[in-house]
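In this document, chain identifiers A, B and C correspond to the written order of the chains, with residue numbering beginning at 1 in each.
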Amino acid sequence: MQHKNLAVRLSELVQKLGGELRGADVLVSRLAPLDDSDCESITFLSNPKLKSQLAQTQAAAVIVTAADADNLSLPCIVTNDPYLYFARVGQLFHPLPVAVPGIHPTAVVADDAQIDPSVEIGPNVVVEAGARIGARTILKAACIIGAGVEIGGDCLFYPRVTVYSDCVIGSRVIVHAGAVIGSDGFGNAWARDHWEKIPQIGRAVIGDDVEIGANTTIDRGALGDTVIASGARLDNMIQIGHNVEIGRFTAIAACSGIAGSTKIGAGCLIGGGVGMSGHLKIADRVVVLGGSNVPSSIEEPGVYGGSVTPIMPQAVWRRNAVHYSHLDQLVKRVRELEKKIGTAENETGSKV
Amino acid sequence: MQHKNLAVRLSELVQKLGGELRGADVLVSRLAPLDDSDCESITFLSNPKLKSQLAQTQAAAVIVTAADADNLSLPCIVTNDPYLYFARVGQLFHPLPVAVPGIHPTAVVADDAQIDPSVEIGPNVVVEAGARIGARTILKAACIIGAGVEIGGDCLFYPRVTVYSDCVIGSRVIVHAGAVIGSDGFGNAWARDHWEKIPQIGRAVIGDDVEIGANTTIDRGALGDTVIASGARLDNMIQIGHNVEIGRFTAIAACSGIAGSTKIGAGCLIGGGVGMSGHLKIADRVVVLGGSNVPSSIEEPGVYGGSVTPIMPQAVWRRNAVHYSHLDQLVKRVRELEKKIGTAENETGSKV
Amino acid sequence: MQHKNLAVRLSELVQKLGGELRGADVLVSRLAPLDDSDCESITFLSNPKLKSQLAQTQAAAVIVTAADADNLSLPCIVTNDPYLYFARVGQLFHPLPVAVPGIHPTAVVADDAQIDPSVEIGPNVVVEAGARIGARTILKAACIIGAGVEIGGDCLFYPRVTVYSDCVIGSRVIVHAGAVIGSDGFGNAWARDHWEKIPQIGRAVIGDDVEIGANTTIDRGALGDTVIASGARLDNMIQIGHNVEIGRFTAIAACSGIAGSTKIGAGCLIGGGVGMSGHLKIADRVVVLGGSNVPSSIEEPGVYGGSVTPIMPQAVWRRNAVHYSHLDQLVKRVRELEKKIGTAENETGSKV
């Protein structure tokens, strides 16, 4: 369900967002996918596989590349990157909420907190001593902002975000419900017959223009800081261990966990459900496929996978899985056979 | 620890729930497992492996199949499905809480929210503008219900559930603490030197009779809706991506993640810790074993596994794991050997 | 960023914590890592690999073993376990917060709850009927304590912890933000055409000196209890299923999930992202490497791994992964080759 937007002409979109208008200057008021659009919708084509749907679409207009615009009877906006253009039309139709300045009477705000007068603070929010919150930031219901926390301007915190004391968050940061920023890292020293807690005295430091998903947890540093660089994107239910560093514009999909002190470079794409060991170094522009475990550092940009096998009928899986724990033996058996009958590898060897 | 229930006679249970009473019409007041029961307990036997425990049980009565009832000296209720019967006795002894109508004075409820007078709203709950909540629904402490949300009747929301604006939830839905429904999906378009957010303007739509576990997150659709069909069961800490569809009566165990736009059929059983890629189609009545990655669609009903290997001593694991990345080479070496000495496969080939 | 501590002399540390002072009795006021310390810092060396950094460190003093103290010009404290000693210096410099007795006026506390007068209860906390909270415990903002819950003394609950009714928590327990204790286990009985809920009537019982991470979920028992024994350590975002038992001093890293009724022994170390099936028995002193799936019980102490493969470039991964589902066939082909040419295995066989 979408709220009804004001209708705009394609020419207005082109004026604001660029691109080239071809065909009638129709009115559109709704974003829609190719296969579920109506006469008020604007849609887009970025995946060539879906080109066949273009003929059937009920949309009023479509955003396409020049290549796809040829022979198109529908009104269209031509642009190099239809997906990005569509995102921007979406931002026009559905802008982020604007702060309604004021502190809800049920909020509990420390006397010495420095809250910009343009900030919107929702019901049951708690802001502890010495916290500072920048202009036009919105804290929705029940957010808890610890003592000494700094939050920049134009941020949007959905309900129930918790920020532990002394953490730092940049500007234009979006944090979704239930996320926890700055919880203690997992530091324990074994003392002969019990664990002793290692105080976690660093911070979590989040740059500008970061988005953090629902129920994601970001631990503070043990000593030094945990750092999420500007422009990064974290999906839901991600765990970031203490002293991890996530590079600029790196995006991590849901359910991934990054163990302590691992440094991920800039511009990386980490799939969902990825588990990374601690103390690794991941180069810039590394892509890790969803479900992979990363037990060692990755030094070169590129696309990487591991641990994920095909999905198999149970009987096939069981029959195969049993051999996983005897692979080494199998390799030895093959080597033995090769020795006996002199295959290419051995022959090559004998030529040396 | 259980609260003491009123004692009931086996004949009363049979009258209410069916089944056949054999032996003395004793009183029972407590549910218990076979191996930890006392003279006030009723227990059950559904797993034939545990039949030997029947001789030693201290229970006052037991729920069994006809086959297991023979030669049993204990009072018993005979039924086709002792596990289900036990569940129903449990529901009798421990019914869901009944709404105590009223809005706690600390709750913050928008003037135009439509709250049925029979609804129970706990402390610090927030209900935003235009939300509608059906008869006898209970919202426990600190739930946050966004603007325009619709919730049916007889629901039970445990503390701190957050529902983003415009989502729709059916009747008789149970949601556990910390769950987030309708958070933004992970949609980002790369704009040459930064990410731009793709507005997530669909909804999360939850059917009737659904149960959603603690800290589970369900994203709203990007365009169109994310749908959890009636009768589905989601355990704790599950991530449901945008535009996912979960079929009727499908049950998913904890820690699983379903990436965007994947459609899971009806009557599926998805184990714990399963990771599914995006844009897949999973047929009805598919069972996926816990821990599996599902990188591709599954078109036929059946039981499937993958990615999980036996657990091995570290040295064995390490010795074997190293070969995982040379499997292709190993297969080639075997093929080479086969060529040299002409095994069955080659012989078959030569017959063609 | 650290708050400035009072400076202390090394001799004072030795007096309080033991160890032997060598060199000048300097003042230190800050904990720091070897490679990021200044003239007010005390650091430590526990990893021999970092010994080379000792020469360059700017620290005022260092905690070392006797072996590493030789030839060291820097003032040092000599001890058998520098890491543990460092943890204790950390506890001196950064002690846990001390309860400021009192109930915040926004808290909602049931009349019959038994709250020790020394307890600190933060804003928007809810304590339901019959709950009991021991001396000096701190409940930070928005914690929800269910009816009949018992919490010991000297606990520290960070914001938004939820404890369901009737659960029991020991003394000196630390629980981080968003954790949920005592939610319903995942119990469903199939009733021909729908699921019926199996009431979860056990408790979650947490021992003394336990730490529980952010957004971790611990289900109550179905019948009987879920038990986390004293001294255990659970990191963030861990799922503990119903009737699980975690032994004393067992530590589990983030993102792991333990399915229902599994019993883990004492002194175990479970890595991050580990998935354990239900109804398993894990012996005492078992170490499971991060990312492993544990599909079967482990009967002997030791270090175990599984399921994790090396991370590979995508093309290599894909080329190898395809063979995973044909391993059984490969083994048969090797056996066939061995039969044909009579390798060691067959020869051994022929001797029998």
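Here, a residue touches a chain if its C-beta (ideal position, glycine included) is under 8 Å from a C-beta of that chain, and two chains touch if they have at least 3 such contacts.
This structure is a prediction, so every number in the text was calculated from the model and none was measured.
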{"item": "Subunit B on subunit C, rotation in degrees - Cα superposition, rounded to nearest 5", "value": "120"}
{"item": "Interface sides of subunit A and subunit B: same vs different residues, half threshold", "value": "different"}
{"item": "Whole-Å gap separating subunit A and subunit B, where each centre is the average of the chain's CA atoms", "value": "26"}
{"item": "Touching two or more other chains - residue numbers and ranges from subunit C", "value": "106, 124, 142, 160, 178, 215, 237, 255, 306-310, 312, 317, 322, 324-327, 330, 334, 337, 341"}
{"item": "Residues of subunit C that touch subunit B when the two form their complex", "value": "106, 108, 124, 126, 142, 144, 160, 162, 164, 166, 178, 180, 183-184, 186-191, 194-199, 201-203, 215, 217, 219, 223-225, 237, 239, 241, 255, 257, 259, 275, 277, 287-289, 292-296, 298, 302-310, 312, 316-317, 319-320, 322-327, 330, 333-334, 336-337, 340-341"}
{"item": "Subunit C to subunit A touching residues, read off their complex", "value": "1-2, 31-33, 36, 81, 83-84, 86-88, 90-91, 93-94, 104, 106, 122-124, 140-142, 158-160, 174, 176-178, 209, 211, 213-215, 231, 233, 235-237, 249, 251, 253-255, 272-273, 290-291, 306-314, 317-318, 321-322, 324-328, 330-331, 334, 337-338, 341, 343-345"}
